[in-house]
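The structure appears below as structure tokens.
Should a chain be cited, it is by its letter among A, B, C, D, E and F, assigned in written order, with residues numbered from 1 in that chain.
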């Protein structure tokens, strides 16, 4: 890529004015909402689950869903699970006190909890479905769910038990899977860890992604990327390669390549 | 069975005081709720769907769901689809004006419509997912959805389009399937017509069924079946075979066997 | 009373066309709603409770409330408890399959369950507050909660634990109390069993009671009681004494008095 | 005004700490909410509409409402339209990814969409009522709805069709109207473009406006305007004229008058 | 009509199995929902109202709406008014204790009250909008709102005050109006008493009416009216004229014509 | 304390990045939610109230609750009161236009109002329960409720009337009380002004407090307090005493002690 001389702008490192990663938001929304419909599927017996209907019916309790993390993935998963009728608990992993109370916008069958070790274990033990929804930018997610925790999940005399869906790597026993072979079983727990979940609903995902990308594309087309990068430092963070030079520290470090500071002054004679 | 001399009481013909079939209710609830999670699955690309997330995401519209019928299957499907965030339309097939307005208990993303031919076609054409939820006791469901209607459903340049789930046989192109081979495709439309849907969530279904069965079992055990049949004519309709005699008209007709009227007086010397 | 020659019409035995006891309904509504605010109070430490806020706060789970019975008392208790934010479970005691699904009108933090022995125990064990809401007309409520069940309730290292509020006598250890001495403790469980709960909110209760009584009073005043009793058999059931004669079987039996059938023909010369 | 020597502070250019125009907010709230009740009125036949009840009734679908813009006008319109029972779609015009998801606080019959040309046309075509709710401070609203788009709206064999209400000028065919003559018809579409909508509900509007104005008035009275302007740069932007000098660039430009920078130091000897 | 020899079946006297008037239901639904959008309009100053926005805005209270009657008109009005954000009070006129609690299906800004004289006056006095929604089949509605009550409504120093909309004649000062001249003023209160409200939204009303009529039409076409009348006594009540004979008591009485009992046996030789 | 040489970090002066006091938030949430259950209790007759059920019942209006202030205490009180079914009015005291509309996240039985003198009086006069929820950091709350206002509250011919609960001192007649003697009566109004409300629900309060405290404790333990204080100025504000020196201006002023600026450079040779 360096040899090609292109300017490479990466979705996943571009930031907005508040420091968040706007181009990752829609994929997190899709993954969060889809995680519950996948979970519902793998609780069915033909898909190796325990044979539980997530929604329950009148007179039979719905499933208990534990969602680890209350960010974009977690809150979207919670909304859908609660809409289906499940009882949802969200231990939230928060290095700082929360800026926003999920409690204000979630239906009453969603309970937020503080994510300490004790709470996580207790929540997992009573859950039929565990969603790992911790994604820490540029860092490895903490191992919130340990192998020993899974063995304490409800089995109910069944050799297969509950379902763990992991989108961030916070489950010790998780390893990447694909839509072709989406699940594997560890200690009787079905694991679904498809890395590219949104790919299964490409029509929805593509629209969602274009919605957030288009405004940037329009600015790039109208003003040229150097001008946009000069105006918005967050956009400049998205520029990883500039005419054969790596302009992103992390990329340079990862591949052992020399780093060049990004020059946002247009070179003489060109935009 | 006749030779065995047993008394056979059938779940599916037992009626309650209001004439409904109480032992079928829980299975209809399970099937209705489960139909939406199956529909969501078969809208995914790896399951041959168009790649649509039923719930949508902010900025991308959710799926349109057409539910034909507003009885137990239909209203449970509607509740779950609406909870997921879909736009739901329910053309209701009603030989009589409705006794209850679904509108009073459904969330605002559910719209009820009158089920005439024009409305059904219009509703199907704009739907991403069609649920057939017409079950008329002891009769063949009317063919509300014709093969030509399906070809008008949204394809979007895709060789596979929307999903039709049929629980009552109101779709012309439906034929029974199993959990092992749940779907087939007709005219580019994925069909899911598993006859025993609740079997996939056996744990939930069994509890639901026992909840409604147990009171009858207790009465049978305490009072003897003849006494219960004498007191409740609806229960008597559930008794299909009595000591080698067929006591249900429909069963007798179907198998060409002689019919005997049910005797609810206890024979001398026994309960 | 017999000697006084009065005609006595009793609130508690008067029935409406559907066989329910309409003049008891408002007091059941008051008792059901009030039971939760009493329960909330006795969960506070100064009132000998475990020091739990029924509503919880963001990050701390709300109380678990078990409501035994889904009739008027139970459904009103559920509505208020859910409104406060508690997680509510309602094992419903049903001699027959339910005529109405509470699930359709309750918020999603209310779960209905079938009331068998196993479910009741499991529900009580996880509850912080248990509401006994079984009232069977003219019969002693079944002992759904046994003394041994209470000892399994959450204690949390505390010598006082959860709260049991009984309105129907379905708790083995319940005995009537008064607003002056409303509670007592058995096996570390605070019991609140005030028989006349609505008396504490007399202003609300009086309006509620007058609302249902007034239409009867108007009919009595306009048509005379014999005429009303002749037209409405349910009203006739409310007439317990007529000119010195006991006209209600249960009352006659209880006091060992002779029973006279009610004469709804006006005596000659008077209304 | 300049000759009078007054100090003129303009509601519409005063900003708060976040750069928004706080004194315009209540009028936008009023206009947004009122736009739906005006739309409902002009869908009635006697007001030249198609004879549609915005709310629908059970069995007949409610109106489809397209709201262009998800700011204060648009979100208030959406809330009221959804409360009435309409199906609402909001293509949002966003030069940047949205800071807040309307989806989190809107009822489920509101769908947000990305506002590209394709989506706008599709949304308008299926709408019974279109609300233009784009207001870009200090700029002419983009022409999102073109004359050709309106001709594609539903006519239903009627010479009058749907209703377009414009509060920002984003409809090509809109021109200002008054409460005396609020509507005109273009290509069979009723247009309502009253510029001073809040004037019709003066009692509500006056309270709403005073609520946001009073805190500024109190500060002015207590500290003097120069002191307030010195402390809050946003307030200083509201000062348009100071003792005969134009202190607002846009005003000076518009009228071809000389501009003077605002002096927030109190002149010697006076406050 | 008698001379023409036709058989006349009247919408307004046909009953269903429960004794209600099914063909009037949709028009009551339309009138109830529409009454609130009319009320909102006439609270605007250009329509002679007090200049109040029914929905209010944040910081300014919404309108208080009094709805007299909790039947089909009243409950539909309440739903729409509450959806708009108004505070709604419903004194219910009930000759009998209510069969259904509106409280279970209405949002929390709707309060039901018992409809005695004291409550009605108190409710009207605090209301900005009064909806008369009492319709007693075959009888003149009671005069619940007296002229003296209206003078106590909020005027606020205004010569025009609140709005009264009457659909049943329970307001003493109401007299029928038309869509051409819908309102008049008595004692400073705007009265809207259009008798044919649904006519203004003909498209919605026609669909709603056909939805309930069509099943009867199909039965008539398939079986002949005599056969249907023989099977359903409620349908027979709808037959007002049969081959030149008046077969409805009330119609015969009103016009002083001889009454003939309806013969549901088909005459020899014809259907 | 100074002599002991300790470093004292105070919960109540520590700020987060946005300038709020994060360690006070959970106690405000508890106090706000608990205030309504206390209010409900003291409206009961045995607790000297007027005998009103806060929730009302069908046919009897619920209590009117006035909440002065829309911050953390007020919004939590409003949520719980509305959940119980009360009609809630919140005059909000706002020195600046509000950053967030409570209206977007509150149920429809909550009305926000601007908190001027006129509105406060009017709101109190119609209230059954008044919650004072004004807490201005480091300042005495304004006396929004004067003694004369309370005398205008509803008495209803009762010598005891409504209930005032004060958490911030905005009621003129409030004086601190304890859980042992929580109430006193002034002018017939029950006052509940327990200063340490959360103490009564210690189990909930302790978890809530630990949830927000633990992240700070972890940082202190991992990095040493000087390092944390250097990184976060808000944390530094929490350090009141450092090795015998008062490092907080307000504390120094209050006790007449010398003030020392906080030194966040670690002393040589120690952390």
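Heads up, the rule we're going with is that a contact is a pair of C-beta atoms (placed from the backbone, for glycine too) under 8 Å apart; a residue touches a chain by one contact, two chains touch by 3 or more.
Everything numeric here is computed off the predicted structure, so don't read it as measured data.
Colleague: Between chain B and chain D, which partner chains are common?
Modeller: The common neighbours are A, E.
Colleague: What are the chains that chain A and chain D both touch?
Modeller: The common neighbours are B, F.
Colleague: Hopping along touching chains only, can you work out the least number of steps from chain A to chain E?
Modeller: Contact-graph shortest path, chain A to chain E, evaluates to 2.
Colleague: Which option, A-D, C-E or E-F, should count as the same interface as B-D once over half of the contact pairs match?
Modeller: E-F
Colleague: Which whole number of Å gives the spacing of the CA centres of chain A and chain F?
Modeller: For chain A versus chain F, the centre distance works out to 37 Å.
Colleague: Between chain A and chain C, what is the separation of their C-alpha centroids in Å?
Modeller: 49
Colleague: Residues of chain A touching 2+ other chains?
Modeller: Within chain A, residues 56, 58-60, 82, 85, 105, 114, 207, 211-212 contact more than one other chain.
Colleague: Go through the chains and record each pair that touches.
Modeller: Going through each pair of chains, those in contact are A-B, A-C, A-D, A-F, B-C, B-D, B-E, C-E, C-F, D-E, D-F, E-F.
Colleague: Help me check something: in the complex, which residues belonging to chain E touch chain B?
Modeller: These residues of chain E touch chain B: 16, 18, 22, 25, 105, 207, 210-212, 214-215.
Colleague: Can you list the chain B residues touching chain E in their complex?
Modeller: Of all residues in chain B, those touching chain E are 94-97, 99, 104-105, 114, 116.
Colleague: Using the touch definition up top, name the residues of chain E that touch chain F in the complex.
Modeller: By the definition above, chain E touches chain F via 56, 58-62, 82, 85, 87, 89, 92, 98, 101-103, 107-109, 111-114.
Colleague: Can you check the complex and tell me which residues of chain F touch chain C?
Modeller: 26, 29-30, 33-34, 37, 40-41, 43-46, 50-60, 76, 79-80, 82-85, 156, 179-180, 199-205, 207-208, 211
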